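Look at the two complexes coming up: subunit A is in both, with subunit B in one and subunit C in the other.
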Partner chain A sequence: MEKKVSIEKVYKPSEDVVARQVQGEFIIIPITSGIGDLEDEIFTLNETGRAIWDRMDGKKTLKVIAKDLSSDFESGTSDIEQDILGFTQELMKRNMLVEIGK
Partner chain B sequence: MKLENRSEFCVVSDEELFLSGKALSELMLATLEKRAFFRFQVKGFSMSPFIRDGDIVTISPLSSAKSVFGKAVAFIHPCAEKLIIHRVIKDFPEHYLIKGDSLFYPDGFIPKKNMLGFVSKIERNGKAVRLGLGKEQTLIVFLSRERILPTLVWCWRRIPIKIRKVLKPIL
Partner chain C sequence: MMEEEKPQNNEMFVSSMSLPEFPVWEKMRNQRNVISFDLELTARCNNDCRHCYINLPQNDLEAKKKEIPLEQIKAIVDQAVSLGALWCLLTGGEPLLREDFFEIYMYLKKKGLFISVFTNATLITQKHIDLFKKYPPRDIEVTVYGVTEATYEKVSNKKGSFKAFMRGLKMLLDNGIKVRYKAMAIRSNVHELPLISEFCRERTKDYFRFDPFLHLRFDANPKRNEEIKSERLSPKEIVAIEKADDERYGALRKGCNELINPEFEHFNCNHLFHCGTGNGSFTVSYEGYFRLCSSLWHPQCICDLKTGDLSQIWEKFVLQVRDLRSDNKAFLDKCRKCSLVNLCIWCPAHAHLETGKMDTPVEYFCEVAHARAEMIDGSPHK
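Entry: the complex of A and B
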């Protein structure tokens, strides 16, 4: 079942991922069944994805992150909120984020 | 700067990502620090015939091995600063003497702190390869240290490819 993502909730990177900036790319390797597998799916985040990822510290709600980002990006807060929700949904689906405060 | 479409934020890498040894070692270390295994494809011929070019190896954290003597280990060479997978042929208090199975000369005395992990699984053409991971490691160390193995590999490489193809299934 797809996990419901909310703008009022707090998320942080899962312990089961390795995320590193290498060779100019921000790479995320999911650890599945105890294996970080380069021969399986690996993910790269672009600058925008990275900006969101970095702010997901397990303390800020997505709403706060959106507000924070609105000063860096020339988009309205509501547009940013929608984008962040979509991004979070994608990462939650892949178990790369965990929800805090449940 | 405009916030890009969310589908652009996160890219699943379908294409082969060519990582440098440094990048690979960083990712490997970060994975092993989480006590997880690290699986990737190796390049090179220095560990032939036990680990071959294109094999997929799984690296395990060092803490999961009683001793790494005889094992193929992933380490950062202190001078070349390169990620290498070669075999431990001698164990000293602070260092290991490490050597590629098919090479005539060792890499030198490598500080133990440079070790990342050891090879716990080898896959070739989708099948697990067990040779070189068990008790035969002691024999491999002897053959490698006495340069018997590199000599055999050297001779093998001088046999014409057509004959090698005939001999391979027999051997």
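Entry: the complex of A and C
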């Protein structure tokens, strides 16, 4: 079942993944079973995803992150909110993020 | 934001690849980076295999006392990860003998390392299965010494070990844990090698490899070294088992042009090391010694990690070792220029274990390499 994502909620990287910078490449490595299909699967984020991931500190709501990004990238908040919701939805589906307070 | 790459759907923020597809391998061609390391957690083993280069008795308290403690392992792992390591092999001895195996394993996992474990599988418990199911290793590599009790236990020197092996292996397989297989082809089990190959291949879609090349012990124990030598197959026997294995023989034939490399004849240099040692990986011994590779135990080539800093060792010491040279004419005229180097297990590390020197030819290795060359290209090599 798809997990419902809200712009008012706070999310953070799951403890089931480890994010690392290796030889200049940002990667996410699953450490538990059920994320990815292979024993040696690694994940990368596009530039937008990376910008959102870096701000997911477990304290800011997605709305606050959207506001941060809109001032950093001088872009409209509503477009950014759509990106953030899409990103969060995708990573929640992959069990790479957890919702705080749950 | 970032209009040009705005996602068209919800599946565009993340992409995945397998470890071999990671672009870091490409970068390694041009620069030295730590990619992987081996941790020998103990030299102790519950088996007592005749051909083993490291095993000490399970209850050897002296050896146990020397084992690197968890806190030091953590410090080494932290440094390795900060240098970029992605992959760690836990090996021994038998690594599952370490009482803190679970803590070590989880520490590596939480650092984002892929883990391989070399084990004889005889000590696998439900607790290991639970661990490996929840936090999967990249692979578990199991050595198959024989597929009958008599052969297995002739090699392992341990009564009851075959049953324990079969039980442990079954537990791993029944729980969907990825197992890779290898076998050492030695005097005590060579008669059973076709059955061992069959046993392994019918249990894996992945690879099975056998290794007929025995090197001598790290502790130079003379009695045990004699035992290893007695387990070595003759060049003729090695060629016969390689030829009898379609997969291996096919690969050797296919790689013939690269394996027999006349360019080596033109090398006019006295460097000892022409392999990749110290370019992307290293090994830590159970007492905490840094080595460029598992077999390289020459005193000039090891460093105590209890007193040395890993990044300093990696940046400076390794380069010094790689720059070592030889003035031994026998080596320079023979091994250094040999076109069969890729078919030979001669290397400075194995030469040192064999002769005490890193630049001495080893006749047995030479004979094996020449026999293999003749097998794959059909013509004698002098």
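The rule we apply is simple: the second predicted complex is superposed on the first by the 93 of 102 C-alpha atoms of A that agree within 3 Å, B and C clash if a C-alpha of one lies under 4 Å from a C-alpha of the other, contacts with A are read in each partner's own complex, and residues count from 1 in each chain.
Note that a contact is a pair of C-beta atoms (placed from the backbone, for glycine too) under 8 Å apart; a residue touches a chain by one contact, two chains touch by 3 or more.
Just so it is clear, the model here is predicted, and its values are computed rather than measured.
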| item | value |
| --- | --- |
| First (subunit B), second (subunit C), both or neither touched by A:Glu41 | both |
| Partner chain in contact with A:Val5 - subunit B first, subunit C second, else both or neither | neither |
| Partner chain in contact with A:Leu97 - subunit B first, subunit C second, else both or neither | neither |
| Touched partner set for A:Ile80, first subunit B, second subunit C, both or neither | both |
| On subunit A, positions contacted by subunit B and by subunit C | 18, 20, 22-23, 25, 27, 29, 31, 36, 38-46, 48-49, 52, 69, 73, 75, 79-80, 83, 86-87, 90-91 |
| In the complex, subunit A residues that touch subunit B | 15, 18, 20, 22-23, 25, 27, 29, 31, 34-46, 48-49, 52, 69, 72-75, 79-80, 82-84, 86-87, 90-91 |
| Contact set on subunit B toward subunit A in their complex | 1-13, 17, 19-20, 22-24, 26-27, 30-31, 34-41, 56, 58 |
| Partner subunit C, residues of subunit A touching it in the complex | 18-20, 22-25, 27-29, 31-33, 36, 38-49, 51-52, 69-70, 73, 75, 79-80, 83, 86-87, 89-91, 94, 96 |
| Partner subunit A, residues of subunit C touching it in the complex | 1-3, 5-7, 9-20, 22-24, 27, 33, 81, 84, 86, 109-112, 114, 133-139, 178 |
